[in-house]
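Quick one: the structure is below, and I'll ask about it shortly.
Note that the chains take the letters A, B, C and D in the order they are written out, and that residue 1 is the start of every chain.
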Amino acid sequence: MKRPYFPTQPGQPQPLRVTVSRVVRFEEVDPLGIVWHGRYPGYFEDARVTLGNRFGIGYMDLYRAEVITPIKKMHIDYHRPLCFEDPFTIEGILHWSEAARINIEFILRNGAGEVTTSGYTVQMMMDKENDFLLVAPPFYREFCDRWKSGQLV
Amino acid sequence: MKRPYFPTQPGQPQPLRVTVSRVVRFEEVDPLGIVWHGRYPGYFEDARVTLGNRFGIGYMDLYRAEVITPIKKMHIDYHRPLCFEDPFTIEGILHWSEAARINIEFILRNGAGEVTTSGYTVQMMMDKENDFLLVAPPFYREFCDRWKSGQLV
Amino acid sequence: MKRPYFPTQPGQPQPLRVTVSRVVRFEEVDPLGIVWHGRYPGYFEDARVTLGNRFGIGYMDLYRAEVITPIKKMHIDYHRPLCFEDPFTIEGILHWSEAARINIEFILRNGAGEVTTSGYTVQMMMDKENDFLLVAPPFYREFCDRWKSGQLV
Amino acid sequence: MKRPYFPTQPGQPQPLRVTVSRVVRFEEVDPLGIVWHGRYPGYFEDARVTLGNRFGIGYMDLYRAEVITPIKKMHIDYHRPLCFEDPFTIEGILHWSEAARINIEFILRNGAGEVTTSGYTVQMMMDKENDFLLVAPPFYREFCDRWKSGQLV
């Protein structure tokens, strides 16, 4: 991965990070003995959900604020395979955005610490009428304020 | 399969049948090269949905009648494996029931016509308050009337 | 569950048990907001794999012994739904069998300790030529000896 | 989609196209009532497999040539949602490449002909020792010759 998916601009808050540990399940493996490429969106989601719960911006928090955040873009780079029962970690990295969107980078590492997979998703914020929001809802802006002021790790 | 899953009682209407054709998809196959046993509930559902649409008792028909029909019981017998790109059929067989329940038998056959898998599901009918219905809703009783009078094939 | 799936005969060794903890993932939930009934085979497998690893009779142990153990029968009883982010446990209970088969019972419980789902799978042992084994392979019979002599918990 | 995923260079053969028809299955839909974003890799694969079979460069053809073609990159742009029972088409578009790789673009359209989703995958060719191939195997080069000479539609 030469170029960053989301280059950090000068003066922007540092990204927020969580790491989830997992083991490859039997049903995730394909006839070639490696995790089928289409399972990785689920792995990404494990980190996205953890990130959301850690910082109070999860599905349920958004749901209560009557905001939905559909995924508009997903990108995955496959570097190394994972096999049945392999332990691995999924790091979710929330990057700062000035717009009403959620940009998350994902890095998977195997038991040896090697990057096996990387990628990102971009989510837009929409209201109940399916209109895109130009500004994030109040609870999310407060989260951003805490982030900017360095209160979040 | 020696014993019938749902023995037909004397005087009961004959079961209603549909058959769906499918080909095994790559993501359904496990590291041993055969369809993972946990994919079959989805195959059963392909026939269940077709059965519902054919006879006007599908998810959406039930939804409009404010009835949900959760699955209470599922049983699967695995006779022969299926492999990647194998063509197969799924027969869905709706058996008559006097109660407010939906009993469907499933039979999968490979390209040679051999039974590879069989099983059944039992669904109960519930209203919006999640209470079990003792009698089926009007549109379903009308469907049963047509069935009993031999108007359905 | 009134009748036991696998009644214990007098003189048989007590079943072996493991319990796995899980949280419902977003992709497992259906449009009605509950775990789709077809995800439960995967939950069962989480306990089956753990059971295998705990007692040295896992996929890989069998694979090394050139034995495969396809699932011949699966049964699921759905008692209560599970929803997104619900924590739950999966208990896998290996029942004694005199034949070359693996009989496992599964019990899922929600955070309140209520049984949400129960069921079982039956696996047969086959050799590389896909012939059914009449007797279990040596490493499995040794496992059974340790089980019978009370060395396993 | 403003920029093409794989710009066609002057003098290159025109892309090869197939179109597959599908209906959204119940298990593909998430709690928000739309197809979960992680199901689309499977939809893409339906077109990839059809493309491979149509032109004799499918999984099995590659397998016989002792070549595997793991996916190295996948990108998905989500434009519009799909819902339960929505009919849709998946167009798979194989783009010419001078390298030993397989570049496929995917376009999904709903019943009204609107583009709901687009994206691409990049596959590398590897031999049995997991070394990347610098040149495609003979049967694939012959396929490319037929493509270049305009014998394929």
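Here is the rule we go by: a contact is a pair of C-beta atoms (placed from the backbone, for glycine too) under 8 Å apart; a residue touches a chain by one contact, two chains touch by 3 or more.
Bear in mind that the values here come from a model prediction, so they are computed numbers and not experimental data.
Engineer: Most remote chain relative to chain C, going by C-alpha centroids?
Structural biologist: Computed centres place D farthest from chain C.
Engineer: Write down the chain pair with more C-beta contact pairs when B-D is set against B-C.
Structural biologist: B-C
Engineer: Please tell me the distance, in whole Å, between the geometric centres of chain A and chain B computed from their C-alpha atoms.
Structural biologist: 38
Engineer: Using mean CA coordinates as chain centres, what's the gap between chain B and chain D in Å?
Structural biologist: 33
Engineer: Taking each chain's centre as its mean C-alpha position, how far apart are chain B and chain C in Å?
Structural biologist: Between these chains, centre-to-centre, one finds 25 Å.
Engineer: Of all the residues in chain C, which ones touch at least 2 other chains?
Structural biologist: Residues 26-27, 38, 42, 45, 84 of chain C each touch two or more of the other chains.
Engineer: What does chain D use to touch chain A in their complex?
Structural biologist: Spelled out, the residues of chain D in touch with chain A are 32, 34, 37-38, 41-42, 45, 68, 70-78, 81, 121.
Engineer: With touch defined as at the start, can you tell me which chain A residues reach chain C in the complex?
Structural biologist: 25-27, 42, 45-46, 49, 59-60, 84-85
Engineer: Under the touch definition given earlier, write down the residues of chain B that touch chain A in their complex.
Structural biologist: 26-27, 29-31, 33, 36, 38, 84
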